[in-house]
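Chain IDs A, B and C follow the sequence of writing; residue 1 opens each chain.
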Amino acid sequence: MATRHAMQHEPFRLGMLIHDTRYRNTTIQVLAFLLFAACAAWLIDNMLQNLAVLGKDFSFDFLWRRAGYDISQQPISYTSTSTHARAALVGLVNTLIVAAAACATATLLGVFAGVLRLSRNWIVARLMTVYVESFRNIPALLWIIVIAAVMSESMPTPAAFRGAHPSASMVLWNSVAVTNRGVYFPMPELSRSLGHLDFGLGTLSLDFLAIVGVLALSWVARSLLRRRADRALAATGRRPATGWKNALILVAPVTALLYLLGFHLQYPSISGLNFSGGLQLRSSFIALWLGLSVYTGAFIAEIVRAGILAISRGQTEAAHALGLSPARTMRLVILPQAMRIIVPPLISQFLNITKNTSLGLAVGYMDLRSTLGGITINQTGRELEGMMLMMLIYVCISLVISSAMNLYNHRTRLKER
Amino acid sequence: MAMTTNLIQARPRSTAVAGHARGGNALVRWVGKNLFNGWVSTLLTVVSVLAIGWLVAAVGPWLRNSIWSAGSLMECRSILDGASGACWGVIRDRWAQLLFGFYPSTLYWRPVTAFGLLLVALAPMLFPGLPRKILRFSALYPGLAFWLIWGGSFWFPVTIYIGLLIGISLFSRFSRKHLWLAAGIGMAGSICWWVFLSEPAFLWAESLVPTSVQAITSRQIGGFLLSVIIGVTGIVLSLPLGILLALGRRSSLPFIHATSVIFIEFIRGVPLITILFSASLLLNYFLPPGSNFDLILRVVIMVTLFASAYMAEVIRGGLAALPRGQYEAAEALGLDYWRTQRLVIMPQALKISIPGIVNSFIGLFKDTTLVVFIGLLDPVAIAAAIRAHTDWQGIYWELYIFIGAIFFLFCFGMSRYSMYLERRLKTDHR
Amino acid sequence: MKKYLLVIGAAAAMTTGLASAGTMADVQSRGTLRCGVVSGKAGFSAPDAKGVWHGLDVAYCRALAAAVLKDPNAVTFVPTTGQTRFSALASGEIDVLARTTTWTFSRDVDLKFTFVGVNFYDGQAFMVPKSLGIGSAKQLDGATVCITSGTTTELTLSEYFKRHHLSYEPVPIDTNAEIQQKYQAGACDVYTSDGSDLASIRSGFKNPDDHIILPEVISKEPLGPVVRQGDDQWADVARWTLNALIDAEELGVTKENVDQQARTSTNPEVNRLLGKEGNFGQQLGLDSEWAKRAIAVEGNYGEIYANNIGEKTPIKLARGLNALWENGGLMYSMPFR
C-alpha cells in the first residue's frame, strides 16, 4: 500500500519514458512513428525531385485521353477511341472473368484429384500423384505458355474448315468449331428481346433480369415444396415423391419464358478468314484459364487431401458402424468436418489465382495488367501513376477475397469454453 | 424430430468391401482388389489406362525419333526427312546458356563451386544432426559466394565483414550495461567503418596482396544461375525482416501492429509481377536523384520485400504454435521482451517454421521466371533468345521440356525435404 | 542481419555512378558504354551461341564505343522489352537506346528523348501465308493479327483498319519468339510489324517462300538510336558517329581502306572525316581519330547493312529506302564541314 501511494506521487523523470512500462509503449510508438514519417518524407522528396529532373508531373489526366489501341476480348463495349480509363475497366472485367472461371474449375479439378488420390484403386491413385507432383513443381508461367502452344499447334486453323474437302469439321452436330484461335460455340439469342437498360459503365439486359427473376421464383417454389414434403414426412412417416416435381418447377417456367422471348441459337460459320457469329472463347482466354486451373488444381488437391486425412479415423469407423456406405460417409460425415480445414487455404489459392491472372500478357490475354499496367503506361509514359493505380486495384480485390475468408473463419470457428 | 430424409433411408447392410481371395495368383488377386473393385473402380481403371495409352501413342514416336547431334533446326529437319521427331541438338548446343546465361564459359567452375558451398552452408540448418561448427562457415558463406560469382577483389567482402565484426564486438562490449545504447554504438561503429575506412583499407589490402579474379557484370548472369541467386538471396534476406514483421503483427502497440498489418496485406495483395515492374520502373523514382542501382540489385530488394511478407505469415504460424507457457516461464525468469524472443521464442518458432519457409522458397523459386517480363534473362527469356536465332527458329518443345525438367528436379527435391522435415518435427512434438 | 548489411555494402559497389547531364563523362569514367537493344532480333541485335552480339544496332553501338572509348568491345548490351526500353533510358540504366525505335512526336517531345538520326527507314507492313490467297491488306477483314505489344504498331494498325472500315482481332504478345510460334502454327492470319522485322523473321522459317509480305506499307517508321533529352554533348557525339558511318559510304571509305585513306587521301572531306585536317574530334570532346576508329569496327553503313541484313544474308533486305541519296534512297549524311 505504501509503495503504491509513493508511486503515485513520484515526480515525472525523463528516464521514466524508457523504464516505466506505463510510458514506454507510448515512447516506442512515437519513436517508430517519427522514424516512419522521416522515411516516408525522404522517399516522397526523392520522388518529387526525380520527377522534376525528368520534367514529368504527377497527374492522372492520362486516364481521360484517347487510348488508340484495340482489345480483343471486350465484355463491355470498347473501341480504340475510348479512354484509357475505359481500357483499364475492360482489363479489370477480363481479370475477374478469368479469375472466377479458373477458381471454379480449379476447385472441381482439385477436389476430384484430391479425393481420387485417396482411392483404393492403385492406378488412379498413382496417376493423380503424378498429376499433382508434376504440376505443382513447374512454374505457372511455363504451363500457361505450354498450353497456349499446344492449342496453337494441334488445333486446326479456320482455313482447314473451308473448301470442298475440308480437313477439319465442326463437332457436336456441326455446332462447335475448335480452332487454334479459339473455340466457337453457338450463341443463344432472343429474337423478341425486351431491351436494355443503359448505365454509363455498361448495359444491363432486361431479358437477363427476367430470366433471373423467374429462376428465383422457381427456387422459392421448390423450397416451399420441399418444406411441405418434410412436414408430410414428419406427420405421416412417408415422404411424397418430390423429384419430378422439383425438376418441373425449376425447368418449366424458364423454358416457357425463353420460348416467349424467341430463343434460338446462332451458329458460328466460317466467312472470310475466320469464323463469325456464335460465342467465341479465345485461345488466350482458354490457355490462361486452363493453365491456372490445372496448376492451382494440383495445390487444391493437396489441400483437400490434407483436410480429409486430418479427420480422425474414428469418424469413418463410427459412420460405417451406423451402416453408411463409403460414399455417404464421405458426403455426410467427413467432408463437412473437413471443410473447416480445407476452406481457408482454399481461399488463399483463390487469391493466388486472381494474382496469377497477371501472367496473361504472355499469351496475349488483355487483363488489367496488360491494359493499364502494360500498353497504357507504355504509350503514355505514366509509369508511376499507372502502376500505383493498378496495385491499388489489386489490393482492393485481394482485401475483398480475404475478408470473405475471415468471415468464413469467424462463423465456423470452434467456440472454445 | 426433423430427421433428414437421407438418414432414414440408410441401408442397413455391411459396407465391408467384398474381394474374396480366390485361390490362384497373388498378382491376379492384387489386381482384382485394387483395380477392378466395384464398377466405379473398374471404369476409372479403364479410363486411366486409355488416357495413358493415348499419351504414350502421341508422344512416343516423337521421342523415339530423337536427334541429338544436329547443329540447327534445318539440319534436324533434313535428317528426319519429313517425320516428326525431337531435336535435342538445341539442348546440346545451348544447355550452358540455359544454365548460366552469358557467364564466360571458362569460369563456370565459380558458380558451380558457389552452389556446392551453398549446400554445405545450408546443411546445418536443414539437417539438425550435423555439427554446429559448420554454422561458422555459413556465416562466412555470403561473402565467399559474392566473390566467387561477381569476381573482383577478395578484400571487398572481407572489409564488409570487418565492419560487421566491429559492430558486433562494440555491441557485446556494452550490451551488459544498456541494450539499446550498445546497439546504437555498434551500428555507429559499423557505419563509420563502412563509410569512411573500408574503401582505403580495401585499396591498401589489395595493393599488398592482389586477389582479384575476373569481374562479371550482372548482365552476364542469366538462366538458372539467375533464378537461384534471386531465390536464395530473397529468402535469406527476407528472414530478419519477416521476423520483425511477424513480431510487429503480434505486438500490442497499435501503431506498430497497424503498420505491420498494412505492409503485409499490401504486399500479399499485389501480384509479384507488379512488384517486379516496380523494381524496374518505379524504384528509381524513390531513390535519391542521380543514383542508379543495378537492375538485379533492385529486383533483389523488391523480391526481399515480397518474400518478407509471406515469411512473416509463416513465422506467425510458427509463433502461434508455441504454447503460452513458454512466454510465461520466460517472464517468470525475469527476461525482458527482446531477450525472451532471442533466447526462448525464436529458436523454437523458427524450427517449427522451417517446412513453411522451404515451401515459401519453392514458391519464390518458381516465381523467379517472372523476371522475363522486365528484361532479365531467366530460363524462359533465354529460351526466347535461343528461338530468335536463325539456327533454332521454330523449335519449341525441347527447350520447354528441358526447363520444366530442371524446375521439377529442384522443386520436387525441396518439397520432399520439406515433407521429411515435417514428419520429423511431428515426432519431436508428440 | 549480417547478410542484410552485406547487401548494403554490395549496393555501394554496384551503384553505377551518377546519371546526370554529363553522360559522356560518365561513360568515359565508367569505361563501358551501356547500350539498350532488343533481346533477339536476327539481323539487328541477337546473341550467338557464345553470347557475342551481332546486328545493325549492335554495330552502331560498337562504333560509338570505339569512337568514345577507343574499344569496340567495351559495350554492355542491355536487353530491353518494348515495355521497359523507355524507362531504362529515362532512368539512366542505359546510355543509348539502339533498338529499332521509331522517331515520333510523342517520343521526342512527350517522353523527352532526343533521336540522333535514322539508321533504318522502315514502314509497317503485313506478312501472310501464301496459302491464304490474299494479295492486299484491304482483304484482311476479320483477320486475326499478331502484334508485339508496347510499340507504335498497335496504334497504327488500329487507325489503318478503322480508316478502311475493316474489323480485326488483335493478339498482342510480349516477345517476338511467341509471335513467330503463333504465326507459324496458324494461330493468327497476319503478322504485322516493321518490314525489316518481317524479313528477319521470315528468313528463319522452314519455307520462307511460303510467306509473302503484302505491298501496303501503312506507316512511316524511321528507326534510329535515342538518347536522353538535355544532354547535348552526348547527343552530338551519337549523332555524328552515325553520320560518320553514312558519310564514309558516300565517300567510299571502307573498313579495308580506312587506314590507307587516312594516310594518303587527297579528298579534303575524307581528311576532315578521318581527322587528318581540322579539329572536329576535339570539338566533340574526343580525339581526332574518333571517326576512323568507328569506321574500322565493321566498316561504313553500307558494309554494316550488307553484313547484317543485306542480300547475301538470310534476311535478304534490299537497300530500298536505305540506299544512299545518290542512289535513290534516303540515307543522307550531314556534311562534315
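Note that in this section a residue touches a chain if its C-beta (ideal position, glycine included) is under 8 Å from a C-beta of that chain, and two chains touch if they have at least 3 such contacts.
Nothing here was measured: the structure is a model prediction, and the numbers come from that model.
Comparing per-chain C-alpha centres with the mean over every protein C-alpha atom, the closest match is chain B.
Between the interfaces A-C and A-B, more contacting C-beta pairs are found at A-B. Our note on geometry: chain B versus chain C, Cα centroid distance of 38 Å, whole angstroms.
The geometric centre of chain A is 42 Å away from that of chain C, both derived from CA atoms. In whole angstrom, the spacing between the mean C-alpha positions of chain A and chain B is 27.
Chain contacts: chain C has residues 83, 87, 174, 178, 181 touching two or more partner chains.
In chain A, the residues that touch at least two other chains are 145, 149, 153, 361-362, 383. Those residues of chain B in touch with two or more other chains are numbered 281, 284, 372-373, 396. Chain B meets chain C in the complex at residues 74, 77, 93-94, 97, 102, 105, 139, 142-143, 146, 152, 156-157, 159-161, 163-164, 190, 194, 198, 217-220, 233, 236-237, 240-241, 280-281, 284, 290-295, 297, 300, 372-375, 377, 381, 383-385, 387-391, 393-394, 396.
If you check the complex, the residues on chain A that touch chain B are 18, 25, 28-29, 32-33, 36, 43, 46-47, 49-51, 53, 116, 119-124, 127, 133-134, 136-142, 145-146, 149, 153, 230, 233-234, 239, 320, 322-326, 328, 332, 351, 355-359, 361-362, 369, 373, 377, 383-384, 387, 390-391, 394-395, 397-399, 402.
The touching residues of chain A, when paired with chain C in their complex, are 54-56, 68-72, 80, 145, 149, 151-153, 157, 159, 180-181, 271-274, 276, 283-284, 361-364, 366, 370, 374-375, 378-379, 381, 383.
On the side of chain B, the complex with chain A involves touching residues 1-2, 5-6, 10-15, 17, 33-35, 37, 41, 44-45, 48-49, 51-52, 180, 252-256, 259, 265-266, 268-274, 277-278, 281-282, 284-289, 362, 366-367, 369-370, 372-373, 380, 396-397, 400, 403-404, 407-408, 410-412, 415.
Residues 82-83, 86-87, 90, 110-112, 131-132, 140-144, 149-150, 154-155, 157-159, 162, 168-174, 178, 181-182, 185-189, 229 of chain C are the ones touching chain A in the complex.
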